[in-house]
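Below are two complexes that have subunit A in common, paired first with subunit B and then with subunit C.
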Partner chain A sequence: MSKPKVFEKPIGVKDYLPHAVAKMRKVERQALDCMSRWGYEQIVTPTMEFYDTVGVASSTSDQKLFKLLNNRGTTLVLRSDMTAPIARVVSSLLKETPFPLRLSYHANVFRAIEEEAGRDAEFYQTGVELVGDPSAEADAEVVALAIASLKAAGVERFKIAIGHVGFLNGLFEEALPGQPEAQESLKAFLLGRDYVGYREQLRSLSLTEPVQRELEGILRLRGGQEICDQAMQLSEDATAKSAIRHLCEIWDVLKAYGVCDHVLIDLTMIGDFSYYTGMTFEGYAADLGFPVVSGGRYDNLLTQFGRPAPATGFAIKTTRILELLDGEEEEQPERVLIGYDAKGRSEALAEAQRLRAQGAIVVTERIEAGDADGLKACREGFADVVTFIGGSKGEQAK
Partner chain B sequence: MNGQQEILKVAMPKGRIYKQASKLFREAGLPIPVDFDDTRKLIIEVPEARMEFIMAKPVDVPTYVEYGVADIGIVGKDVLMEENKDVYELLDLGIAKCRMSVIGLPDWKPVINPRVATKYPNVASQYFRELGQQVEVIKLNGSIELAPLIGLADRIVDMVETGQTLKENGLVEMESIFGITSRLIANRVSYRMKNDQIQKLCDRLQATLAARV
Partner chain C sequence: MSKPKVFEKPIGVKDYLPHAVAKMRKVERQALDCMSRWGYEQIVTPTMEFYDTVGVASSTSDQKLFKLLNNRGTTLVLRSDMTAPIARVVSSLLKETPFPLRLSYHANVFRAIEEEAGRDAEFYQTGVELVGDPSAEADAEVVALAIASLKAAGVERFKIAIGHVGFLNGLFEEALPGQPEAQESLKAFLLGRDYVGYREQLRSLSLTEPVQRELEGILRLRGGQEICDQAMQLSEDATAKSAIRHLCEIWDVLKAYGVCDHVLIDLTMIGDFSYYTGMTFEGYAADLGFPVVSGGRYDNLLTQFGRPAPATGFAIKTTRILELLDGEEEEQPERVLIGYDAKGRSEALAEAQRLRAQGAIVVTERIEAGDADGLKACREGFADVVTFIGGSKGEQAK
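Our next item is the complex of A and B:
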């Protein structure tokens, strides 16, 4: 590659100009406020972690981690999510703190990217982890909180799809006992969202007609509570049945939260099988091509840090929400420009302090007596312009 | 969400696949115009079906769908394999049938520095990598058959429909890599946000396809 031009920056990273930052701060503040009202306390962890601890434990695939060496030659990673760092903190600094633990965060995370759509190398996530509670109530709580947080952040039209890895695990084990390769390949097609390949693979497996029909049928298991009833009929497998019962329970709790309008059950919605251990979910906003929130239960992660515990959580992709709110005008506090010369200085600066204390935004600018143009040049964007020149105060209408 | 059904945006591939795809849509009872070839319009609205058709270059269809500017699209498996986009592949439409193949001169013998010319560099390099062969992949944009004839490459990877072009140029199909048909694809978010519409369309197309056989 040729030497970059001075204004260039690496692919996938962004500058945020003032109007974007104002929006981003508002979105994150509203989401974090919402989380704190549900009893989640915010935590900050370092940007860099050891590759061998957090890097290996994270759900991000190895080639998507940003790796670097420190001055001792140890491999570090830029954090790719906040879940693994929080698991580390929960198992060390918070080791004595009893469960359940409710933690929230807002942080930039890093993913080395291939050329894929909508994938930034650095982006912001706002999320929570609920550690130490295996119940459906806990899963439902994080889903309900995800919904509340999206609403608080200003997202109006969205849907959350909930699935459960146990259902497919159980169903496939029942239909294809002792054929782990066949099971894996079917899961890989579902994970790759390739339904055509999934159907072709089913046909190639020489299954009995009812089993094949049943496994094809799961592609339609999407909707409300009725899906749970349908799924219950599909499998006798204990793992699958307990997964469905768990989902039904989550649904009941969500009904009590009064948020079922936003939720649909989708048993083909699967996350990374090696990471998620139970319920998984993803949130979609209208007019945005990519999911805005994802989460689920990951009961195996904390074991890797020496404090085995069930855990569930989610992360909102805050930077994506900004795209949705693009164009919405923010209400700004009043902006006042005060121009002054040497004689009016004390009075002008005192006035500025007084107005700032009242909550106004005040900019002061030294001008020379008679230099009306100097003030004119910088008055753009100010509601009021006040001058203290030659010892007398003057108001200028814009 | 709201009473009025939203507009479903469909990315259609211009050219070869379009005629067969639009015929299928019409058979499924969707009022899509017979031919857009005469018009230069890029966006065609069909308000009575709550649909909007975006006329795209075939290789761009998965991109429109991945970004969600089109909710669903129709595209050949060859493009899906090459572009590797994160979209739902919902239905095999069974149209525009052909295959991806390795092609060469009839007297081909292994060479020290094998070169393969193709419009599908990702497909080609993955195929030969999986075979454990090291080949130099050369990306061309058209008239791929020229490459072995003039000595740019000893083999090519390309789509074969009838084999007529190969025959006329004295080339032979050496191996078939995978079969190709057109697929119905959907955006990740649209598939959930407009699920009823997409599922209904899927069902109608599936029924039409079943009736065809």
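Our next item is the complex of A and C:
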């Protein structure tokens, strides 16, 4: 193994320079503020968790977890999402707090392997969990909040696609009873949005023509509430029908929120987290090929931590959103450069303090006695340059 | 190795519940805002760095580094401070940016082993680095900024002790020439603030009486600028004298900043980072037995990353400061609970949107048709409870 060069950092992780940090901080603040106004309170959990608890409960596959050993020889993981850690907190520190619990977070999460696909091994998420409410109302609340948070963060053009794991589970069990492998392979194609592969796989399964037509037909099940009516005709399976009814209720609530312009029903959608049990959703922004938000219902995860409860939530991919916000600038306070020599020091530093108290950004620089030009190198970017030299104040051209 | 219980987290790491997070976020924001007004711009670096670069350059001993392997078999570390990562960025992404560079950060850092001493294995720091300025003026700027940042964060009563590694280096080399082990053992006692141990060690070294008196005398070298005069008498060593002169200059600048009330010179002080080359300082708050801030000059670290430059900076121990701020509360916006049934839904959700736009915190809850008492369980903590039932709005007693 050759040694990395001194100035290198690991593949898949990033440095964020001041301009990018300002943007990220703004997105973070605006999204968290929005979540706070909806009654979601922020929590912070450790970067490291036990592999045997949070690591195993997370939906991240084993090979994608960053693992390390602590001094006692116990395996730890770098958290791969915030849902499992929050489930742990809900079941321990918050175990006496009554449901429903509304919690928010902004956190970096870690995925190994992804680096090789050119994806980030560490990235930031801003999200919520609504724990203890099984209703379609709760599902609609988190979808509406995801929309409000994206807007608050400055994302203008986006669509949220909503699906339900129960629909595909029911439909596939009806069409391919007792063939879990065939079912899983079809789901894998849908998860990867590989519709050509899905069709080819269907043909390879030697299904009856009506069944094949039915399973091909779901690829067209994308649109408004009318999709629910069409889907109801497609399957007699009770699980599938119940899923459709739930989605239909969610749509009704989203209509009341007035956000249906941003939503479409997509029954081919499978959330990428194995712990999802009901509604799932993903948000796509114009011109970006990957989701900017994903979420869904996970009614079994809390059971693994000893406090069974239904739950639903989402995570905005904060670092991905930054790409959408290029060119948007926060208004910057005035920047002033103050140069001084030994004699002008007290006056210069007092002036700096005064200006900072007024909200200005002030950089102070010692220059040699009388050398008013000593500041030349760093005048760029300053609205004002002031010198205190030999005891007298002077304004300078930039 | 027994498996951890499902609700457990690793030793040495913490969950922060909403009340603590609100406090931590406030400290973070206020300190970063203060640093920004002094012209320091925020950067974010990855949690993981190469062991062979940042890991080795950091001043954290090898056994205190959390190590892990990436998929290519290269050893990574969880960053143990922000100084080495920032040195890497200054030498790579920012290598064309002229000095002086003023950078700030708020970040979690990691130390293994510490967990066994009941200390945090993961904690937050908020700090700055001023790169490219070798002057006493620059050292004084970071000390004055540390004071301003602590005040901005709400810490009222604290003292900053300033020392200089050159003084003890010079003094000990003069008193114990060619005896590096004896010198190091004395420094270790001073670093641990074990003055009894220091005196015993002195006696064991069979020094001449004047030398022993001199080395015992430094324990009394704590106070204002007069300490510099006393220290000047103590040693003829050029390195020691140059260190004292530098401290004396820093004191002059701190006087101009008007912050000497918060500062004392302590010539027994050794920074806990091996890369310090000049002035070092630590801040102690009333009633806390550990530093709330530490910093110093490190003029050789950047060389390791290929862009030699003098540098000085500090890190506030953000999570430790929280203990000082108990009871201080941010003013909370009004909290409103809105209950609604199917008929009142649209009106209720529109009202929620209106109130949130005004800055209120609004939680909405679906209740069964006509069941105005269905909300009872969660009324606590809400200034207002409003119901939209059967199409009509009602205000409710809390």
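The working rule: the second predicted complex is superposed on the first by the 373 of 398 C-alpha atoms of A that agree within 3 Å, B and C clash if a C-alpha of one lies under 4 Å from a C-alpha of the other, contacts with A are read in each partner's own complex, and residues count from 1 in each chain.
Rule of thumb we're sticking to: a residue touches a chain if its C-beta (ideal position, glycine included) is under 8 Å from a C-beta of that chain, and two chains touch if they have at least 3 such contacts.
Just so you know, these numbers come straight off a predicted model, no measurement behind them.
Chemist: In the superposed arrangement, which partner chain does A:Lys159 touch: subunit B (first), subunit C (second), both, or neither?
Modeler: Only subunit B is touched by A:Lys159; subunit C is not.
Chemist: First (subunit B), second (subunit C), both or neither: which does A:Ser92 touch?
Modeler: In the superposition, A:Ser92 contacts subunit C only.
Chemist: Identify the partner contact of A:Gly289: answer first if only subunit B is touched, second if only subunit C is, both if each is, neither if none is.
Modeler: A:Gly289: touches subunit B, not subunit C.
Chemist: Check the residue A:Leu186 against both partner chains and state whether it touches subunit B (first), subunit C (second), both, or neither.
Modeler: In the superposition, A:Leu186 contacts neither subunit B nor subunit C.
Chemist: With both complexes superposed on chain A, which partner does A:Trp38 reach: first (subunit B), second (subunit C), both or neither?
Modeler: Touch status of A:Trp38: second partner only.
Chemist: Where does A:Leu247 make contact in the superposed view: on subunit B (first), on subunit C (second), on both, or on neither?
Modeler: After superposing on A, A:Leu247 lies clear of both subunit B and subunit C.
Chemist: Looking only at subunit A, is it subunit B or subunit C that touches more of its residues?
Modeler: C
Chemist: Which holds for A:Ile361: it touches subunit B only (first), subunit C only (second), both, or neither?
Modeler: Touch status of A:Ile361: second partner only.
Chemist: Using the superposition described at the top, list the residues of subunit A that contact subunit B and also contact subunit C.
Modeler: On subunit A, the residues that contact subunit B in one structure and subunit C in the other are 116.
Chemist: Quick one: which bits of subunit A touch subunit B in the complex? Just the residue numbers, please.
Modeler: Touch list, subunit A to subunit B: 116-118, 157, 159, 161, 193-197, 199-200, 220, 222, 264, 266, 284-286, 288-291.
Chemist: Looking at the complex, which residues from subunit C come into contact with subunit A?
Modeler: Going through subunit C, the ones touching subunit A are 1, 3-11, 13-18, 20-22, 24-25, 36-39, 41-50, 52-54, 57, 66-68, 70-74, 76, 78, 88-89, 91-94, 98, 100, 102-103, 108, 110, 112-113, 115-116, 121-122, 135, 137, 141, 253, 255-258, 304-306, 333, 335, 345-346, 349-350, 353, 356, 359-366, 377-378.
Chemist: Enumerate the contact residues on subunit B facing subunit A in the complex.
Modeler: 1, 63, 66-69, 85-92, 183, 187-190, 192-193, 195, 199
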